[in-house]
Every structure is written in C-alpha cells, then in structure tokens.
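A, B, C and D label the chains in the order they appear, each numbered from 1.
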Amino acid sequence: MLTYQFDWSVVTSGKYFEWLVSGCKVTLQISVVGIVLAFIVGLLIAVMRMSNFRPARWFALAYLEFFRNTPLLVQIFFWYFGSYKILPTAVNDWLNSTNFEFAAAVIALTIYTSAFIAEDIRSGVLSIPKEQMEAARSAGFSFLRSMQYIILPQAVRITVPPLVNQFLNLAKNSSLAMTIGVMELTYQARQVESYTFKGFEAFTAATVVYLVLSSSITALVHLYDKRVLNPNRAV
Amino acid sequence: MRKLITVALALVLVGVLGTAALAAPPADTLAEVKKKGVLVAGVKDSLPPFGYIDEKTRSIVGYDIDFINAIAKKLGVKVELKPVTSASRMPQLQEGNIDIIAATMTKNPERAKQVDFSHTYFFTGQKFITKKGTVRTLKDLAGKKIGTAKGSTSEQNVKKSIPTATVLSFDDYPQAFLALQQGKVAAVTTDEAILAGILAKAPNKAQFEIPNLQISDEPYGLGMRKGDKNFVDFVNKTILQMEKSGEAKKIFEKWFGPNTQFHLKRNFKITADK
Amino acid sequence: MIQFTGVHKWFKQLHVLNDINLRITPGEVLVVCGPSGSGKSTLIRTINQLEPINEGKLVVDGMDLLDKRTDINKLRAEIGFVFQQFNLYPHLSVLSNITLAPLKIRKTSKKEAEEQAMTLLARVGLAEKRDAYPSQLSGGQQQRVAIARALAMKPKIMLFDEPTSALDPEMIGEVLAVMQDLAGTGITMVVVTHEMGFAREVAHRVAFMDHGVVLEEAKPEEFFRNPQHERAQQFLKQLLSPMH
Amino acid sequence: MGELFNFNVITDNFTYFMIGRYPHGPLGGLGLTIYLAVASCILSFFGGLVLGLLSLVRNPFISYPVNLFINAVRGLPLLMVIFWMYFLLPALMGRTVPESQTVIMGLTLFTSAYMSQIVRAGIEGIPAGQTEAAISTGLKHWQVMLYIVLPQGLRNMIPSFVNQFVSLIKDTSLAFIVGVSELTHVATQINNRTMAYPTEIFIFIAVLYFFLCYAFTSLSRWLERRLAWRKAI
C-alpha cells in the first residue's frame, strides 16, 4: 500500500543539496584537522612508549590501553558533556564561546585515533632491525636523536599505509560527531531525511561521498605500495 | 581505474536495492493489533512527564503512555512500549515497527502528508528556556546557539523565527538542556509543556526561566499510518470518550496538575478536528 | 607408464623445460639429478600436474594430461608424491595424516583405513608414533610418515622431490632405507635427489638434467663410471669431491 | 558548586545500568551490550568466512562482486551501514524488523567485511606446500579447503577474531543512535533524567567498557603468544 516515490532532485539541487555540501565540508575539515593532530599526538605517545624513562612508558601504555578499549561515542560524550566539571569555569566559558561542538569532536577523534597511530608507529619502529638503534647509540646519538635521525625516518616510510588507513577510519568515525550536534555529512543526511522524508535519496548521496573518499584514499595507498614500498614487484 | 569501476558498480548496487519495493506494513492495523493481541507504541523514554523511565520500577511512564494504555484497554490488548526519538518515530511507524506514535508529536501539514493524526490530545506552544534574565525578546537570541532535538518541529520553527541563530540539534531535549546548563547554548527551544517538564526535574532550576516568548502553536496528535482509516477512527472515538468521561482530564491532572511540579492549567479540550 | 614427448614449459621468459623426451616403464626406478635450477623439480611436478605443461605431450598411466576429459584428481590419487619439506598436516595426528585421503577419496571404512595405516607405519618403523603430532617428530620421522601417507593411496607411481635435502645428515639414512625397501616391491619410482649412493645402488636408470634439458640418460654404473656429457662430469666431480 | 563529584547517581541506578528494564521490560544496559556483541560476533564469523572464501574463488564473476561489496562496506562509516539496514531490512525481508535486530544485522554486515579480510589473510598464510601435499593425494579443491587449510587457518585467526570482538563491543554503542537501550543509551537516559552528573556517568560507562574490552584484548594477546609458541616447536 505504501509505494515509495523516488525524488532524486531533493539531493541534487536546492537547499538540501547545499546542506549536504556543507556536511561534506565539515566532514573533511574534521578529518584533516583530526589526522594532523592525531599524528602528532600519536608520534609523541609512541616515542614515550619506547623510551627508557619508566613513568613516560607507563603513561603511554595507560593512554593506549584506555583509549583504544573505550567506545569513541562515549569518549565524544565525555569530552563534550563530561569535561565541564573537570575544567575551570573560565576555560569552560571560553570553550563555549567557540565552536566547542567541533572542538570536542576533534579532541575525541584525535585522542582515539592517536592511540591506534601510536601502535602503528611502534610496530613500524619494531620492524627496523635493532642493530640500527645500537649503531646510532654507539655513534654517540642520544635516544631521542637516534629516533629522530635514524629510526623514525625509516619507520615512517613503512608506516604510511597504516597511517593513511587511520586517516580513513577517522573520516568515517567523524560521523559520530553528529550526536553532539556537529553538522557533518551524516548529520545533514539525516536532517534532509527528517525534513523531506526522502531518506533513501539522502543516504545514497552520503554513501556515495563516503565511498568516493574511501576508495580514492585506498587507491593512493595502493599506488604508494607499488611505487615506494615495492617498486620492483609490479611488472 | 579499478577503484572508479568499484565506485560505479557500488552505485549500481545501491540503485538496484533502492528500486526494490519497500515493505508493506499491515493495511488494517486495528484488525492486526487485535489479532496479535498487543499494541506497539513508539514513545519517548526520557522526556518527563510525557514519557520517561521511572527510577524505581525501571519502566516507562507518563502522559503519553497513559493514553496508550487507555486505548489498549479499550481494544483489550496488551501494550508494548518502544522508545523512539523525534527523528526515528516516523520511519519506525512507516516501516511497521510500531503501530502508533505517542511521542509529543506536533501536527503539521507536512507531516500530515506522511501520517494520519488523531484529534489533538495535548495542546501547547513553542517557547524557550534560558538562563534567568538573559533573554527578553527574540532579538536577544539573534546570532546565538540554540539547542533543540533532531527532526522536531521545534527545530524547523526556530530556524524560521530566528534565522541568524545557530541551531544545534541533539538526540533529545534533556541533552540540549544539559548543554544550556553548561553554557554551550544560550537557549533550548521546544514546546512549553516539555520545557516545563525539563525545568521541573532540573537540579538547579532556580537559575532558569521560560520567558513569555511563544513562536508557534503546538497541537499534539497520535500518529498512525496514512490511510489506516479503521484504526484512526477507533483512536479518535476512544480519546473523545475519554474526554467525555473525564478520564483525559484526570490524566492531565495526574501529570501536570497542581500536585505536580508543573502546575499547568488545562487550556484545551479534546474535540473532533474539522 | 610415463611418457614425455617434446614437453616444454616456461615461467614467464624462463624456459624451464626444454623439449623433454623421457619414457619410464612400469616397475622402473629412475633417479633424476643435476645442479639446482636445472628444472628437475619442475619435471617431476609436471607428472602429477602440480605444474601444468605448456607444450608437448605427457601421458601418465595411459591418461593424456592435456586431454580435458582426464580427471586430474583421479590420476593424482594413483600417484604418490613426497616433498622436500614433508608437508605433513600439522593439525592432524600421524594416523589421521595417513588415513585422511583413503577415507575421503577411496571411501575406505575407518577400521580398514586405520589397519592399513598401521601396517604402513610399521613398515617405515614408526608404529608407536600413531598418535603423535608432526611437530613432535624429527625431520627424518616426518619424512617417513609422509612416505607412508603417499603409500596409503596404494599408488602405482611414487614421485620423490629431493626427499632428503631438508634433513640433517644423520637422518638421511633412515629415509633412504625406507625408499630402498620400497624400490624392492616393484613400484614405479621417479626420484629427484643428490644422493648418488642411493642412485648407484637402487636406480635402474639415471637422468642428468641441466638448464631444462635432459642431457644424459644411462644405467647408473655407466653414468658414474663414464659420464658422457662434460657438464655431468663437472657435476659428479663437485658432488663427489671430499671438500663437499 | 558543592562537592565535585557525586557517584550516587551510579549506585542509585546500578541495576538499570546493568540490565535496563529487565525483567519488567526488555533487557537493556550492559546486558544488552553483551548480547548485541555476542550475537553479531557469531553471525559475522560465518559472514566473514563466507565472504572471505568467496573473495578467493578463482571465478572472477564471483570474486569480483564479492570484493567490491567488501570494499564498499569497509569504506562506509558503521553509522551509515546501520542507517541503511534501517531502511533496507524491512524492504528485503518483507516484514518489520525490531531495532535490536536491525543493529545486529548492521554490525554483522560491517564486521563480516572486516572478518573476511582476516579469513583471507589466514588462508593465504597457510604454506602452499600444504595444498600441494593434499591435492597430490587426490583431494578435491573444496576438500583441501575443508580438511587442511581452514582448520589450520582458523586457528591462526583466533587472536584477530578476538580483536574484532573487542571492536564489536565498542561498536555496539552506536545502537544508541537508533534507540536501542544498550549501555550508552541507558547512560544518556539517566543523564537526561538527572541532568547534573554527566562526568560521573560517562566516566563510569567508559570504565565499564574499558574493563570488558581490555579483558578480551588481553585474551587475544595471550592467545597470540600461545599460538606462536606452539608453532615454534
């Protein structure tokens, strides 16, 4: 009795199209800002995790285990609603005068993703023969300098594909930011649905965007794999 | 290149699935409900006093639920309550997951194209809740962040009446109110009765107020599937009878009356829509 | 029994088998030798189609391997294959390793398959290891189980692909002893090996390969006493020199 | 301001956090979280197995669409997959589907795509010699898969499967968005009702999730070490 009438014009032009476009922009913004921060934090945590300084190692371990084993959604809620009581009033006031929804989403995504990135970097480093570190240390470099000049440059090269995958995960995970009112792509698709009742069209549009994003990123990884990591393999 | 093909084929796949006819929920809900012996209602579960979880019994209670109970009793069937949000209630109904919506749903023409409404069983207007003394007129909210719930008429109304405001939509009103408490939004907007319910439960209610700024009338109706005439007639007959017998008034007094924290006056009667 | 006629095989540009013409008669024991990379492993693997051939004709037990109607699985069941790396199934016990194929392909009853397996295990001297897992056995023991596993299908032909080259020296003897015992039963055997002592004593014929070509075929006593081809002479000299 | 934290909100609602409205109503809270995770895990094990095997089939008319499907699902946010299930399941099944089942199907589809990659890697990690040895005794291709490759491969996959289960536990929190009253949803309900203890509530459930997930993460690591040790001998 209910036959669904398709109306693709809803998502290809006009107001709702603009909503979706602005959603794409927000998704991209979160993703790019998030990945840059997550990489920096992840690198820091990875170095701490491998250092000889015990408190740093323990902190990094606790950080990794806790944030990797807790749902991202709960972390988002925590940073948005739960951080209020912990922070001083002045900080809260300042945060609230800014686009805190966006900031909370980025913080949560950064921390969550950085924990995974740190582990990726660590396994990259572990795959570098330990003689490299020994050689660097016996040449007189400190631990941090050895990392900086000898180990990390090698490790980062093989860590690029997993890092790009984390970027993709972050972009996909940013959809959870809709729960605290960040108007990213999934949020907008859902808005279009509740305004027009054309959920099918709205979700198809968002799906296409996500697929284009993820398949182009995956393609880049393949290219990197071929050109940089295994230049001789592909004949 | 292969990725491009991948995407293209994925689109085709989506298209194919998309053209599959959507499932048909029961055409005659009244008969269906009687047959299975249970009325499945979509209700709010964290919106006192319309529908919320009672801390002691851990079950859903409220104004909306009492109406559903009365209808089910008349039908001689059991009740199953399903929590819905403002955004999920209409798809849920159309997909047949629930038989009726009793979830503070405002009747408006756009929605009436998708569902059939009962006569108005609750009447209120959309207002704001703000920190005391911060808002006198609508202008005070220009350019501010205003919280509300996804997929609600409140969201659409406030966008119309204060176009410069940023509307933040949460999954539910209390969450929006929490954002207000924490200073993340300047106001929360929705129907007065809901605002009153939230405010009454708020731990620091003295800091907040509901300024006398009404931006729309909000008549609530029970939502049923489009064209489900038997069921709509039955529900309308039942709630009119409830009005006549005084049961409807009693339910109102139970949840909003002088013995509650709300002290609302019943400024409406359930009557047949024209 | 096995007839190669003008067989060629390429891996990309590499010509691994170049115009092979070889005839192996029933009951014959043929040893194939040659330097590494000469194509001898590929040759033996074409016999049960682990490696398909590109050109020529290969008939095994009356079945043409290039004929689409030939049931390769059926043919493989008639040919036992023993690998350099043993390839026992690590998740199955010794007994199950041996009985799997008879149970699943020959549909032998469980009792019969196990009795037969025990006979074979006794023959390779490992009856007490029936319930052990491959990881608990030495290399030599594993290879003897692998031979028993191949024999469980009552094959007409046994193929050995360097069966002793992954073994420690002290274990080579036990495997060769089993193979020698087997050769005495009159089964057709093709053996790729560097064990020249085995070739001298057991083989009926020796084929020498290099660069994908069979350079020489002879009775072992002739081959070892007086190799015709210059590269065969070099090969034997290196292999038999005390430095090796 | 008063005292900084007040964890009474946790103790007062503890039963509700654990089992929701049960037994007066459906199971909720942590109980439902575990139910969703376990049900989806079992289903996606088989889903992943089927997808993984199909993706390795040599016939491109089978493997190509399957790989396409796997990649498409992996390219989407889980939230999108759940929304799609919401729309498509009733259409495909021809009947209404309760939300908890919708979520289970969404999680299953999503996780199956990831599990298929584990299955694939597990199968490809079995040395070619095993397959060669098996086909040399005359076993057919599917028999080799069933008796030789899968039993070994699946054992190696166990740690990855457990890791995937941990992801599933975390992913069940998304059920909140379609109104399934698992732990996160229950937490927001209580948060909405009390409106004063978001920090306490979210820290509490974060810790709850953490212990649950960490237990399984540790199990996975232990299994990995044990399997590595068994392989070494």
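Criterion: contacts are C-beta pairs under 8 Å (C-beta built on N, C-alpha and C of every residue); 3 or more make two chains touch, one makes a residue touch a chain.
Since the structure is predicted, the reported quantities are computational estimates derived from the model, not experimental observations.
Summarising the inter-chain layout, the chain whose CA centre lies farthest from the centre of subunit C is B. Each chain gets a centre from its C-alpha atoms; the one nearest the centre of all protein C-alpha atoms is D. For this pair, subunit B with subunit D, the centres built from the Cα atoms lie 33 Å apart. As a whole-number value, the distance joining the C-alpha centres of subunit B and subunit C reads 78 Å.
Chain geometry summary: the mean Cα position of subunit A and that of subunit C are 55 Å apart. Centroids built from CA atoms put subunit D at 21 Å from subunit A.
Residues of subunit A in contact with at least two other chains: 81, 84, 179, 190, 199-200, 207, 211, 215, 218. Chain contacts: subunit B has residues 6, 10, 21-22, 25, 91, 171, 175, 178 touching two or more partner chains. The residues of subunit B lying in touch with subunit D in their complex are 6, 9-10, 13, 17, 20-23, 25, 45-46, 48, 52-53, 55, 57-60, 81-85, 88, 91-92, 95-97, 171-172, 174-175, 177-178, 181, 198, 201-204. Contacts from subunit A toward subunit D in the complex involve residues 65-66, 68-75, 77-78, 81-86, 168, 172-176, 178-179, 186, 189-190, 199-200, 203, 206-207, 210-211, 213-215, 218.
Listing the residues of subunit D that touch subunit A in their complex gives 4-5, 71-72, 74-80, 83-84, 87, 166, 169-174, 176-177, 184, 187-188, 191, 198-199, 201-203, 205-206, 209-210, 213-214, 217.
Residue ranges of subunit D in contact with subunit C, taken from their complex: 127, 129-130, 132-140, 143, 147-148, 151-152, 155, 230, 233. Touching subunit B in their complex are the following residues of subunit A: 1-4, 6, 80-81, 84, 92-93, 96, 100-101, 179-181, 187, 190-191, 193-195, 197, 199-200, 204, 207-208, 211-212, 215-216, 218-219.
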